[in-house]
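By written order: A, B and C. Residues from 1 in each chain.
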Amino acid sequence: MRLDERYINGLMIAGLLALPLWALVADQPFTITLMTRAVILALAAVGLNIVLGIGGMVSFGHAAFFGIGGYAMGILAYHAQTYTALDLGAFTTEGTKFMPVIWLVAMITSGLAASFIGLLSLRTSGVYFIMITLAFGQMFFYFAISWAQYGGEDGLSIYVRNDFPGLNTLMPIQFYGICFALLCLVLALFARLQASPFGLALNATRQAAVRVETVGLNPMRLKLLAFVLSGAITGLAGALFADLNRFVSPTMFSWQLSGELIVLIVIGGVGRLMGPVIGACVYVALEHFLGEITDFWHVYLGVILLCIVLFGRGGLIGLLTGKEGAHV
Amino acid sequence: MSDPVLAALNLNKSFGALKATDDVSIDLMPGEIHAIIGPNGAGKSTLIQQICGGLQPDSGLVLLGGQDVSGHSTQARAQAGLGRTFQISQLCMEDTVLENAVLGAMGAGRSAWRFWRAALKRSDLRETAESALERVGLREERGTRCANLSHGQRRQLEVAVALTLSPRAFVMDEPMAGLGADGSKRLTGFLDDLRAEAPILLVEHDMDAVFALADRISVLVYGKVIATGTGDEIRNNPEVRDAYLGDEA
Amino acid sequence: MSSILIIEQILNGLQFGVMLFLMAAGLTLIFGVMGLINLAHGSLYMVGAFAAAAVAGATGSFLLALVAALAAAALAGAIVEMVVIRRLYKAPHLDQVLATFALILIFSEGTRWVFGSFPLFLDIPDALSGPVTLPGGIEYPLYRLTLIGIGLAVAVGLWALIERTRLGIRIRAGENDREMIAALGVDISKLYTLVFALGAALAGLAGALVGAIQSVQVGMGEPVLILAFVVIVIGGIGSVRGAFIGALLVGLTDTLGGVFLPELFKLFMDNGAAQKTGSALASMGIYVLMGLVLIWRPTGLFGARA
C-alpha cells in the first residue's frame, strides 16, 4: 500500500474536524476533551519538529518551553482571578484572562528562554546537545518546584477558563475549535517554513553542515532561530494545555514530557508536516484505551517504541507512503 | 603583473610533534589553474582546510582578492568569494539535485533569511541553480534525489554548487576522484574552460589531468612545498623525482 | 555561621558528589567506549536499589543486599546490552535516545508492577548507624562517611582498572580505535557487554547505597541520571577523571548552594523572602555552573577538543 502523503494529511484534518462534531452530536464531551488534548500535544510537537525534524537537533528539553507557556498563562490568570498586582519591575499589571494576550506572553517568554538555552547548548552538538537540553529542562522543573509564590510543587489552579472574544471557552467544542484553528495555523506556517529558503538551509544543516558553511551561510544562526521559533510554538501549546486543565504545575516541565514530545514525532514520522499530529492522536488513543485495560500501559508503550526504533523507520507516515523519514 | 586572487603566505600548522604544514606559501593568479600534488600524507588536505577556514593555522596569512581573510570563518570566506568542492561529497543526500544547487544560490544571494515563499518557486534562485546544473550537464537530473545519483554525478553536482556562488576563486579537492576515464576527460575539459571565469586551486591525484590542465604545479612533501613550476619544470625537477620515485623505488 | 556547619555541609556535598560519580563513571565509560547515550542508566540505579531492599528485607544482611544490588544491576545491564543496546551502537543518537527512553518506561512500569507503587525502605546497618566524632569535635553520620569512603575507593579502583590492567588497555583502545582492536582479535562484543555491565553495576551500587538514606521507589533513578549528565557535560564526555571532578563540583555546588544562598540573601532581605529566593536560586546552581563551563569550554573540562 503506497499512499500519497497529501491524502493522509487531508484525511487527518478531515478526521480532526469530523470526529469532534460527531462527539458533539452524540453527546460525548469526554471525547472532545481527549481530542483537545491530542491537538494541543500535536501543536507542541509541531514546534519541536522544526528543530528535530528539519534541523536535526535532538532537543530533550522542550518541556521547558511547554512549562513556561503554561506558567505564563497560570501567572497572568492567577493575578487576574485574585485581583492582585503582578510587579514586573518596570510596571505592574493585574494579569489578564484574555487568551490572545496570554498566548503572546507565552510565546515571547518561551521564545526568550529558547534563545538563552539555544545560545548555550548550540555551542555543542550530538550527545552533548541532548544532555544539555535535558539538563536545562530539569533546571526549570526545579525552579518551578521551589517557586513558592506560585504554588511550588502544588502548582496553580485557575478556576475559570480564560476568555476569547465571541466564544464561550467553557464549552468543550468551542475550546477545541480554538486549539484546532491554532494548530492549522501553525501547520500552515510549518509547511511554508519547510519549503522556504530558510527551511531548505536548516534542512541542509542537518544533512551536511559543512556544505552550508561552504556556501556562505551560518549554520549556528539558522539553528538558533529555528530553536527560538520552535520554543515559542511549544510555549503556545503549553498555555493552551494549562487552559485545558485549568491547572499548571511543575509536571509540565518534567523530562518525561520532553521525551513524550519526541516520541509523538517519531510515531508519526520525523520531519513530516503531519507526523506530530498523527503521533499525538495515536499516543492519546493508546493512553486512553490501553490505560483502561491496564495501569501499566507505559510498558506496552515502551515495547511499541522499541519496535519502532529497531524495526521501523519513518513512523506511520513512512509506513503508509513507503518513504523513510528524515534522518536525525 | 597582476595580483594573485588567492594567496597563502607562510602557513604553519603542527599537530603535536607533527608539522603538517611547514611554512607554505602558494598563490593563485587570475586565469590559471594551480595544481597541488604530493604523496599521501603530504598535508594537502590540511593545507586546503587552512585556506578555506576549516582549520586555523598556527601562523601565516590567507589573502583573498588582496584582503586578509585569515581570521574569517568558513562562511565568511565563502561570502568573500571562495568556491570549494570536497574530496568526499558534502551534499544533502535526502534532497534533490535542484535543491542542492538552490542552497548554493541562496548562499550567494544571502537569501537564507526568507521564510515565506518556497525556495524552489523563487525565480532568481532557480535560474542561478539551473544554469549551474546546465553547465555541468545535470539539468536533466534536477528532480533526482541526491542519494540516487551515481558517484560521478555527485562529483558534478559538487562543482555545480560551487558554480552557483560565482566565486572569485575555486578550491577543488580531488574533483576527479573515483570518476571513470570518460568522466575525468569531460571534467578536464570543463575545468579547462572554467579557469577563464575564475582561477582554480586544484588538489588532484590524477596526474594526466594535472599535467593537462595546470599552468603551474606545486609539489607538497611532508608539509613543505619542495617545488613550484610548469609541468615540464616539475617533471624534470630532481627533488620531485626523488620524492616520488625515491619512495617507490 | 559556625565552621562545624560548614565542614558538615562540605562532607554532605562530597558524599553526594561521590555517589554521582558512581553514576557518571558508568555513563561516561559507555559513551567513551561504545559511543552510546544511555538514558536507561537511571533504571539500573533503581534496579540496584530494589534488589538491595528486597534482599535486605529477606535476609536482614546489608552486605548481602549490596552484593545483590551489584549482581542484579550487572545482570540487567548485560541482558539489556545483548538484547537491545548492541543494535544501537551504530544508530543515530535519536534512535539511542528513543530506545533507551523506551527501556526506562519498561523498567519503571515493570518494577511498579512487581513491587507496587509504595516506596520500600532499606535500613542502614546497625554497625554503620549513628554518628562518629571527627577531629575537631564534629559529629557526622558514620554511614555517610562510609559512602564517601566507598566512592573514593571505587574511583581509585576504576583508575587502577583502566590504567593498570589488560582490560583497561582494551577499554582505552576501544575509545580510540574500534576497528583496530577488533582487527587485533579482541572480541569486541564481549568487551562491550563487559563495559556495559560494569557501568550498570556501579549504578546499581550507587542506587543501593543511596537507597538506605532515601526511600527506594520507582522513578528514583532519573533525577540522578540527569544530574549525572550535568556532571559529564562539565567533566567532558568519555573522561572518567572529568566525571570525578565534575561529580564533586556538582555535589558541592548543590549542597552548599542550598544551605548558603538563603543565608546570603538574608543579609539584604527579610528572612522569609531570603529563604524563598535563596532556595529557588540554589535549585538552579548546578545548571548555572554547567552553563559557565560550556561558555568557557564547550567540550567540558577534560573533554577532547572538538
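Keep this in mind: a contact is a pair of C-beta atoms (placed from the backbone, for glycine too) under 8 Å apart; a residue touches a chain by one contact, two chains touch by 3 or more.
Keep in mind the model is a prediction, meaning the values are calculated, not measured.
Chemist: So, comparing each chain's Cα centre against the centre of all protein Cα atoms, which one is closest?
Modeler: A
Chemist: Please indicate which chain is farthest from chain C, where distance is taken between mean Cα coordinates of the chains.
Modeler: In terms of C-alpha centroids, the chain at the greatest distance from chain C is B.
Chemist: Where the CA atoms of chain A average out and where those of chain C average out, how many Å apart are those spots?
Modeler: Whole-Å distance between the two chain centres: 31.
Chemist: With chain centres taken as the means of their Cα atoms, state the distance from chain B to chain C in Å.
Modeler: Result: the chain centres lie 49 Å from each other.
Chemist: How many angstrom between the C-alpha centroids of chain B and chain A?
Modeler: About 43 Å, centre to centre.
Chemist: Two-or-more-chain contact residues of chain A, please, as numbers and ranges.
Modeler: 327
Chemist: Quick check: in the complex, which residue numbers of chain C touch chain A?
Modeler: So the residues of chain C in touch with chain A come to 31, 37, 84, 87-88, 91-95, 97-99, 101-106, 108-110, 112-113, 222-223, 226, 229-230, 232-233, 237, 276, 279-280, 282-284, 287, 290-291, 294-295, 298-299.
Chemist: Where on chain A does chain B make contact in their complex?
Modeler: 192-193, 195-201, 203-204, 207-208, 210-218, 222, 326-327
Chemist: Which positions of chain A touch chain C when the two form their complex?
Modeler: Where chain A meets chain C, its residues are 52, 58, 60, 120-121, 123-124, 126-128, 130-132, 134-136, 138-139, 142-143, 145-149, 255, 259, 262-263, 266, 270, 296-299, 301-303, 305-306, 308-310, 327-328.
Chemist: For the complex, give me every residue of chain B touching chain A.
Modeler: Interface residues on chain B, with respect to chain A: 52-54, 73-76, 78-79, 84, 86, 90-95, 99, 102-104, 106-108, 110-120, 122, 125, 161, 164-165.
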